[in-house]
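Letters A, B, C and D name the chains as they come in the text, with residue numbers starting at 1 for each one.
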Amino acid sequence: MELGMVGAGRMGAGLARRLVRAGHTCVVYDPDPDAVGRLSADGVAGVGSLPELVAALPKPRAVWVMVPAVATGAVVDDLGRLLDRGDVVIDGGNSFYRDDIARADALAANGIHYLDVGTSGGVYGIERGFSLMIGGDAEVVERMDPIFRALAPGVAAAPRSPGRSSAVEQAERGYLHCGGAGAGHFVKMVHNGIEYGQMAALAEGMAILRNADIGISARARGERSVPIADARFYTYDFDIAAILEVWRRGSVVSSWLLDMTAAAVHADADLREFSGRVADSGEGRWTVQAAVDVGVPAHVLTAALLERFASRGQGDYACQALSAMRHAFGGHLELAVPA
Amino acid sequence: MELGMVGAGRMGAGLARRLVRAGHTCVVYDPDPDAVGRLSADGVAGVGSLPELVAALPKPRAVWVMVPAVATGAVVDDLGRLLDRGDVVIDGGNSFYRDDIARADALAANGIHYLDVGTSGGVYGIERGFSLMIGGDAEVVERMDPIFRALAPGVAAAPRSPGRSSAVEQAERGYLHCGGAGAGHFVKMVHNGIEYGQMAALAEGMAILRNADIGISARARGERSVPIADARFYTYDFDIAAILEVWRRGSVVSSWLLDMTAAAVHADADLREFSGRVADSGEGRWTVQAAVDVGVPAHVLTAALLERFASRGQGDYACQALSAMRHAFGGHLELAVPA
Amino acid sequence: MELGMVGAGRMGAGLARRLVRAGHTCVVYDPDPDAVGRLSADGVAGVGSLPELVAALPKPRAVWVMVPAVATGAVVDDLGRLLDRGDVVIDGGNSFYRDDIARADALAANGIHYLDVGTSGGVYGIERGFSLMIGGDAEVVERMDPIFRALAPGVAAAPRSPGRSSAVEQAERGYLHCGGAGAGHFVKMVHNGIEYGQMAALAEGMAILRNADIGISARARGERSVPIADARFYTYDFDIAAILEVWRRGSVVSSWLLDMTAAAVHADADLREFSGRVADSGEGRWTVQAAVDVGVPAHVLTAALLERFASRGQGDYACQALSAMRHAFGGHLELAVPA
Amino acid sequence: MELGMVGAGRMGAGLARRLVRAGHTCVVYDPDPDAVGRLSADGVAGVGSLPELVAALPKPRAVWVMVPAVATGAVVDDLGRLLDRGDVVIDGGNSFYRDDIARADALAANGIHYLDVGTSGGVYGIERGFSLMIGGDAEVVERMDPIFRALAPGVAAAPRSPGRSSAVEQAERGYLHCGGAGAGHFVKMVHNGIEYGQMAALAEGMAILRNADIGISARARGERSVPIADARFYTYDFDIAAILEVWRRGSVVSSWLLDMTAAAVHADADLREFSGRVADSGEGRWTVQAAVDVGVPAHVLTAALLERFASRGQGDYACQALSAMRHAFGGHLELAVPA
C-alpha cells in the first residue's frame, strides 16, 4: 500500500522505515527538510509541503499524522481541506480521545474518514514492531489492515496465551480495532496510565532498596533519621543493578520496563545523569480524569501521576502551608534559608 | 496536689504554670538551669537534679516527665531507681505506646506506677488548657484526677454535645482515661495522624486556589503548563487569606487549624518565611504502621505522611529512576543541570 | 431588600427564613406547593410559577436560584427569558464553575447580571449563618451586599484573627467576593474538596481506634488477622465517643466536623444506622480534576474521593482482577461464594 | 550435592523436583506423608521426621526450609537442636527479614550457618526456574552455589542487558547474594511490594476500560452515574481480553504479569469466578513499614496494599463514619438496609 506520513520525528521516522522495509510505499512530509532528508536513504520519499504530499498519493488516499499532540488539530484541519471524499486521515499521535470524536465528526461532514491509532513501542518500535490500538469505522480499519499488520510486531513476538489455540486473532498480531471514534486513543490513554503506575511501583521499590543503608550511611544524619531502635535493621548496601538483573529471570515482576531499567542502572546506579524532574503527558492526566468520571477508585494510577507533579516542585506551596501550620500551633520553625 | 515536673521546655513550662495558677504546687527540674529559673517568677520551684526533685516531693510522689521522646527512656529508668513503692511516673511526652507497655511493666516490678498521657494543645495550652489522653491503672488515674482536671480545658471550653444533657463526664472536661498502659499514647498517636491528614487537606486546597491563575500567570510557562484549551478556566487571582477568613465562620471546614492558618496567611500569603521542608514525628509514622497492622485502608493519613517525606527530597531517587526509564523507552531527556 | 427565591428545599427554605428574620422581603417559588406553603408561617410569600415570581419583584429584580445542580441550567435559562436588563440572577447551588462562566456570558448578552455563590453551612446555616463565596462583577456584588450580609454569620461568629485589628473586612463577616464569574463556585468547590479530606482523616483515625482491639476480638479470626507477634499491642477496647469528646476541647483537631461526629458517635458508637456507601457530589470530583489541570499533587483530596468510590463497590472489578492474577501466578484461590 | 528439604507443598515440591532433574540428590520431610509420597515418583526420597531427615544427610549438612511463614520459626529452632557445627539451614519461605537476623544470630551461637533465600517464581518455577535472592555469609553462599545455580532460571532465560557483554555474573543466572543476614528476604520483600503495585496498576486500568460504557450501560443508573454532559464520552464496550493481548506485543507495559492476566481474562472477561476479596501477605505490609522507616514516599506501593484491605470490607467503619458526618451536617441519609 501507499501511505502519506506527516511528521518525520522519532516516531514518524520509525513508522515510515518499518513500512518501507515491509514493502509498502511511504511519502513523508515534515516542516524540517533535514528530518525528511534523513529518511531518503531508507527508501522513504520526501515532499516539501502538505499539498505536495496529498498530490503525491493515489486515491483513495491515506495520510498518517504523527506530530506533537499540540499540533495535531491544525494538521488535521488542513488535511480536511486538501483531501477528497473517501480519503482517510490516521492520527497516530497522543491525542485526547474526545478530540478524536470531534475531528471524526468534522471530517465526516466532507466524507473523509478518520482513524485514531494509539501507538506504543517507543524507540524500539522500528525493530520490535509497534503496538497499535485503533478507533474508527470497521470498514476503514479493514481497508488499512496491510499497513497495521506491517507495523505491528506480529504473533511471533510473544508466545500465544494458554487457551488461544485456534486461528490467530487480530490482537495477537499486535494491533486491535478497539471500537468507534476515540476508542484507540482511549485504550492508549489507559495503557499509559498503567505505564505510569508500573514505573512508579518499580521506582519506589528501588528507592527503598537504596535507603536500606540508612542505619549506617551519612544520609542517616540530620532530618533523614531512622529511629535509633531500628537503625540496625537498615544496614544493607545493595547493588541495585544486580538486583534488577536477578529479577529479570523467573520473578513475578519481570517486564520490558524492568529490562530497560536494569540496563540504565547498570550504566550508573546513582542515576546522576537524571534530574528527577519528571514530565507528564496528557495520557496520564486524562486517565485520572476518566477514572474520576466513571467512578473507579484508581488510587495507584492517581498517585503515580501526582508524584510527577511533586517531582517538579509543584507541591511546594502546600508544604510551606504545612510548615506555617506547624509553626502556628507548635512553635516549630521550618524556615527558608535566606538567599 | 504536689507534682514534680521533669523538663522545663515549652510544654513542661506550660503545664507547670497552668498547675500553679490552679493552686497546685509544682517543683521542676531541667538540665538547663536557665529554663528552670524562668519559671520561678510564676511560683514554680526549681531544683538542680533528679534526686533533688525526688527528695523535694511528699510521698506518695508523682513525677511528670515532659522531655523529648528520645530522652524519656533514660529519665524513666532513673526515676525507677530513685522512687519508692506507690509513687507514680507520668510520661506526658510523645512516646511510642509500645514503650509505655514495657516501661509500665518494668516499674511495676518495683511497685511504682506508670501513666502515659498524650498531651495536645501546643503553645496555646497554657491558656486554653491541654487535651489529655491517659493510659494506666484506673485507681492511679483517679488519684491524679486533681492534676488532670486542672490541666484540662474544662467543660466550658466547648458547648456540650447534643445528647449529653446529664452529669458532665470526664471526657467533657477535656481529659480521658482511655485504657491500660499505652492507651493514652495510642489515642494521642491517632490524634496526630488525623492532624496530619487535616493539615494536608487544607494545604492541598490552598495550593489549588493559589494555582488557579495558571492560565494567566508566569508560572504557566515552561513545564508547568495547563492545556491551552483549559487555560481560560484558570484565570483567578485569589486572596487566600480572605478565603480562609470567610471559611472560619459558618462553613463546614471551620476548625482551630483553620483559625491558625488564616492568621499565618494573613501575615504573608506567599508564606515566604517557610521552607516547605516539613518534618514528621513518630506519631504520624506509628499511626500508619498501626493502620497496616490492623488492616485499615487509611489512604488519607498515609498520603499525608508520605507528602512530608517528599517535601524533604526523599523521593528524589525514585524520580530519577522514572527519568531514567523515560529516557530508556522513549528517548526523553530529563537531565540534571551540570553543577 | 426584596429577593426572589427559586427552590424551597432544605437550603432554599433556610436562606429565605434567615433573610425574613433579618427584615428583608422574600418571595419564593418551588414546583412543590407544599414546600412553599410551609414557609408562609415564617413570613415568606409564595407564588405558583416562575413568571409569577418575576412579576412579584420590583425592578431591578434579584432572583436567587437554589435548586439541585442538575436543574440549575434550565431555571437560569428560563429566567434569562423572563427577566429584564439590569436584573440579577444568583446561583447559590453547587454548580460547576465552568457552567457559571457560560451562564454569565449568555445572560450578559441581554444585560442580565449573574452571580455565582457557593453556600456552605448545611442544616445549621439558618441559625449559624451561611458562609458565602461569591463570583461576578464587583458592582453587582456591591448592590446585593445587604442580602449577603444578612445571610452570613457575621464577625461575632468567631474571634477575630490575630493581626486583624483594624476595620472589619468583608471576609470577616462571613462572605467574600472572590473574583469574576465562576470564582465563587471555584472556591466552594475547593472548600468541599478540603471537607472530603478532613472527613476522611477523621473517619480513618476512628477506624484505627476501633480496630485497636484486634488482638483480642473476634474480628481477629480469619483473614483479618494481626501477626501473632503483635497481637498483644492491639488489646484496647476504646470508647470512641468519649475520645471524640475529649478532642473537642483543647486539641489540635478540634473542629465543627468533630463536634458533629462526636454527637453522632455518642448516639451509637457502632454507627449501625449507616450503610457506609458514601455518595460523592460534583465538587469533590471537580476539585481533583482542577488539581490535575493545574498540576498540584493533591494526594489527600484525591484519596478521600476515591475512598468514596470504593465504598460503593466500584473497585470490585479491579479487585477481582487482582484475585485472578494471584490465582494465575501463585495458585491462590479467592473464589466467589456460589450464590 | 545433597539437600534436605523440609516442606513438600507447592513450592517445596517444585524446588525438590527441579533439583533432582538437575542431578542433585534431595531428601524431603513433610508432616503430611501423602505430600512426601507424591514426590517419590520423581526420584525425591522421603522421610517421616525431622531427625530422620538430619540422619539421612551427609555432613556438612544443608537443609532447606520451605514451610508457611508462621511455622518457620519452630522448624528452625528444631533444626538448631538437631544439626551440628558447620551445617547450613536455608530458609526459602516468606520470612520477615528481621526474624532472619535473630535466627542467624541464634544458630551462629552453635556454629550453624543460616541463609535466607527469597524465592520467586510461583507455580511456574519448576519449569522456568526460580529467582533467588540470598542473604548470609559469602563463604556459605559460595558453598551452596551448585544448588542455587540449579534452581535459578539461568542466563538464557532472558537476553543479556545492553552493556553486559563480559563474563556472565551471578545475577544474570537468576540468583544473587544480596548481603548479610536478612538481605535476601529484604530484597524479596521489596520485590513483592513492587509486585503489588504493578498488579494494582494493571487492575485499575482494566477497571477503567470496563467502565468506559457507563454512558450507555445499565450500571450508569442509580448512584453510579456519570454527569449527563459527559455520558457521550463513555460509550465504549471494550473487549478487555483482546486489549490485554494486543499489549503483550510491542507495548511498554508488556510483562509476565500481563501475560498471565491476558490468559485469565480470555477465559472469562467478567472474572465471575473471583470474589475480589484480595488477601495480602507479610511482604506487602513489611514493604510499607520499611518505606515509612526509611522515609521514602512510596505512595503507589502503599495504595496498592491499602486497596487490598478495602477489598475485604475493612474500610467499612470509616465509611459509616463518613455517612454519619454527611447526615449530621447535611441531612444526607445513607442508611443501612434493614436485615
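Simple rule for what comes next: contacts are C-beta pairs under 8 Å (C-beta built on N, C-alpha and C of every residue); 3 or more make two chains touch, one makes a residue touch a chain.
A quick note: this is a predicted structure, and the numbers were derived from the prediction, not measured.
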{"item": "Contact-richer chain pair (by C-beta pairs counted) among A-B and B-D", "value": "A-B"}
{"item": "Furthest chain, CA centroid comparison against chain A", "value": "B"}
{"item": "Equivalent of A-C within the choices C-D, B-C or B-D, defined by over half of its residue contact pairs recurring", "value": "B-D"}
{"item": "Interface residue overlap between copies chain A and chain D, same or different (over half shared)", "value": "same"}
{"item": "Distance between the centres, which are taken as Cα means, of chain D and chain A, whole angstrom", "value": "29"}
{"item": "Chain A and chain B, separation of their C-alpha mean positions in angstrom", "value": "43"}
{"item": "Whole-Å separation of chain centres (CA-atom averages), chain B against chain D", "value": "38"}
{"item": "Residue list for chain D, restricted to those that touch at least two other chains", "value": "122, 200, 202, 204, 207, 211, 224, 227, 252, 256-257, 263, 293, 295-299, 303, 306-307, 310, 312, 314-315, 318, 329"}
{"item": "Sites on chain B touched by chain C in the complex", "value": "97-98, 101, 120-122, 125, 128-133, 152-155, 157-159, 161-164, 169-176, 178-180, 182-183, 186-187, 190-198, 200-202, 204-205, 207-209, 211-212, 214, 224, 226-227, 230, 233-239, 241-243, 245-259, 262-263, 266-267, 287, 290-291, 293-301, 303-304, 306-307, 310"}
{"item": "Chain B contact footprint on chain A (complex, rising order)", "value": "10, 70, 122-124, 199-200, 202-204, 206-207, 210-211, 223-224, 227-228, 256-257, 260-261, 263-265, 271-279, 282, 299, 303, 307-308, 310-312, 314-332, 334-337"}
{"item": "Of all residues in chain D, those that touch chain B in their complex", "value": "252, 285, 288-289, 292-293, 295-299, 302-303, 305-307, 309-310, 312, 314-315, 318, 329"}
